[in-house]
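Every chain is named by a letter (A, B and C) in the order it is written, and numbering of its residues begins at 1.
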Amino acid sequence: MPAPEAQRGSRLLDREPTAFLGAVVRGVGQVDLQSRMLTGALLLAGLWVAGWRIGLFATLGTAVSTATARVLGMDRDDTAAGLLGYSGCLTGIALVTSLGAHPGTYLLAVGGSVLATVLTASLTTLLEPYGLTALTAPFCLISGVMVLGAPSFDRIWHGDPNPVAAPTSGDTAVAWSDLWHGFFSGVSQVFFVETWYVGLIMLAGLAFAGVRVLLGAALGSAAGILTAWALGAPSGLIANGIYGYNAVLVGIALGAVFLDATVGNALYALLGAAAATGLTASLTSLFKPFGGHTFTWPFILTTWALMAAVPRIPRLQRATP
Amino acid sequence: MPAPEAQRGSRLLDREPTAFLGAVVRGVGQVDLQSRMLTGALLLAGLWVAGWRIGLFATLGTAVSTATARVLGMDRDDTAAGLLGYSGCLTGIALVTSLGAHPGTYLLAVGGSVLATVLTASLTTLLEPYGLTALTAPFCLISGVMVLGAPSFDRIWHGDPNPVAAPTSGDTAVAWSDLWHGFFSGVSQVFFVETWYVGLIMLAGLAFAGVRVLLGAALGSAAGILTAWALGAPSGLIANGIYGYNAVLVGIALGAVFLDATVGNALYALLGAAAATGLTASLTSLFKPFGGHTFTWPFILTTWALMAAVPRIPRLQRATP
Amino acid sequence: MPAPEAQRGSRLLDREPTAFLGAVVRGVGQVDLQSRMLTGALLLAGLWVAGWRIGLFATLGTAVSTATARVLGMDRDDTAAGLLGYSGCLTGIALVTSLGAHPGTYLLAVGGSVLATVLTASLTTLLEPYGLTALTAPFCLISGVMVLGAPSFDRIWHGDPNPVAAPTSGDTAVAWSDLWHGFFSGVSQVFFVETWYVGLIMLAGLAFAGVRVLLGAALGSAAGILTAWALGAPSGLIANGIYGYNAVLVGIALGAVFLDATVGNALYALLGAAAATGLTASLTSLFKPFGGHTFTWPFILTTWALMAAVPRIPRLQRATP
């Protein structure tokens, strides 16, 4: 006989603080599409290693997004698995990186993380008929809009904290250090951190999620570097992971999460990683005139496009849930 | 026993001119999502008070859009309720405001209003599966495209009639007159009119649609002003209603039309009004490089996003039809 | 009794080379929405007449796209009808025209044509619920992204091969030669070729697809020229077909393929041709700040918008399949 509603409610309440912390840690892991606690914990550790500002805003954003899901009474399993927290994590990081750690940025991070959870619900409604998920699009939309609008507001805008924009041209001679730096930085750039040892910590976290996830991330990063080098990208952008992070995410998503483990699927994931790398340059050029940000759009658009095609390609197989 | 089809047809024909005029007046009201004749009449009166050009092009656009729906044999109830006319109303106003009252503008307003009705049908097809409606998107698309293309055509383009663009920066000290001007101008800016007493007439029209509609518009306007002030917007843009009109529309849509009257829903509507206000700055910056126009996109995108989320948020309730 | 699977497979294999060539020729025809072999052959002939680069890249792109569909095991009937090859045809032409015939361009054309086939599948998934088809959107997306990203990569970018951009302003006095040049160039500009006798060859090809197709293309071209002249477009852009090719495609799509042969439908197709002509100027202005390309977007967006409206317009009838 099931426990009466009130009793279950009070029991849940007892476990609430721990459950909430677990959902937040898992939320950080979901940026890389992983729900394992240990993976989330190592990713979060990497973010604090990258700097207290990054660590704090990532934690704040994930916590606010997760709390919003609770307050709005949204799906408990999704919330517990971190599926309603990851967009807040990236929103927090993107805002402090783009606007600096001013009082207004804290407020914007809170507001943005609330809206990120709402937008996750909206996109789920819109994408579900096609068998697609929101990925990091709620974050990209919210942060893109906020960073775009920020200079119009005196209490938000205190000048660009990164006055030297990432170049899209430069020297293309690639040294060995560019390659291995780029390999790890690609993993950390998923969180907009370009420190190779943060990428190493994060890759260790992904290893705990399983060998396929590790392989997906590693081969994705390698495919991104190879594509960028073959097309003739500036070595500086290869070294700091700019041409790798979308490939890493596509590698994980197509290589280890959404498709079965077959040779055909693996080749398809590598095609996706290469496409996302090229798309990174295009979107950066596209967003330049109005000061927009590429964020993880190349990963999102590539994954949506390639997953939407799968039902019509008999050689490919969706992962069996 | 129902009257034979032929007889009912002839009777309808008898009433056609009156019915058509009613549909046009209601069409003006539907810009604010209201079908009540008296509301439409006061909104239309406000437009003529704002100037004969505005009044004429609003009337012309609504009439052409409504007539198009008739000629194409589209849904009679929707047509009678003004649901196929409101996009023509805004298209007419936007074209005369952006291009001046030249002969070519009259032609463009007619063509644009015809296409606005067609686009309303298209968007209804695309949005219906998600339980969303077209809102003012047909107008925004048609007018945006026309204003963007206008300078390429000699017979259309006679120079910018408003050479001084609305600034996105300026003094942020807010006076009392800025606040009450902005409160009413936000209501009239829905129709791209920045005259406070036109806003007052329109608010009176909205009052006839019911207390919830009045409250939605008034609290929306207040929320927009408050958000813009809190973020540090230039006081000039607050006073002329630029940061209020999208919040007014969101206040009406979420606060009085699409959701039930609960405290949770009201807070959600206020969140939406604040989000639309911030989004106004972002879209203005986005459109600036190619001379695009913000129109009512912030209202549309915010309302679509927030309404699409509702099915996944148990704390919120859609309005029971 | 049907032949055993293995036997049928081997028979198909025997016919493979011929079947593949047929699919490629039909693929060229599908750019104009036609599956007839003779039509495809004349269009392809026109492309080789326009120059070996155009002919080669068009053939290469169509062949790679078609081969991709085979390798991925996609729908055999669609592949044989050229429905998975046409986007590769335009991708090849657009890349050689925008980037020049460098080694990197060949590679990009191969990669782009592979992705065009994948994207055709994606868009089919996304559009099918609305009764819409992908049209040339896979090409526009892939080529747009590649041309946008190209300047970021040293091995791809060798300077703009067409340094003088198409103007959107200029003399508007129209001579007789502008009109008939424009009439034929509008047909060839569908493939980004502005040579009037190539347009003549192509129109002959379309004539073999039936009188409605010929009429759709011819009246579409005329409607485009008329609209551009009426709006006051520069005569140079009328003469080289820039204001005609989208109208030609809309004329074929709405006038001869997707709608039945009625007077109402024909008028609707002409409205579409005029709208696509105006939209061409808007999108060219829209894409200018970030060096984007208009391609066949005006045709695609107009056709999607007008076809999505049809279910709600009783006066119009979809073609019975």
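Just so it is clear, a residue touches a chain if its C-beta (ideal position, glycine included) is under 8 Å from a C-beta of that chain, and two chains touch if they have at least 3 such contacts.
Just so it is clear, the structure is predicted and the values come from calculations on it, not from any experiment.
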item: Touch-based graph of the chains, sorted into line, ring, star, complete or other; value: complete
item: Interface residue overlap between copies chain A and chain B, same or different (over half shared); value: different
item: Rotation angle superposing chain A onto its copy chain C by C-alpha atoms, nearest 5 degrees; value: 120
item: Between chain A and chain B, centroid-to-centroid distance (C-alpha), Å; value: 36
item: Shared interface positions of chain C, touching two or more other chains; value: 129, 289
item: Residues of chain A touching chain C in the complex; value: 129-130, 168-169, 172, 230-233, 271, 274-275, 278-282, 284-286, 288-289, 304-306, 308-309, 311-316
item: Complex contacts: residues of chain C adjacent to chain A; value: 71-75, 104, 111, 114-115, 118-119, 121-126, 129, 145-146, 148-149, 151-157, 289-292
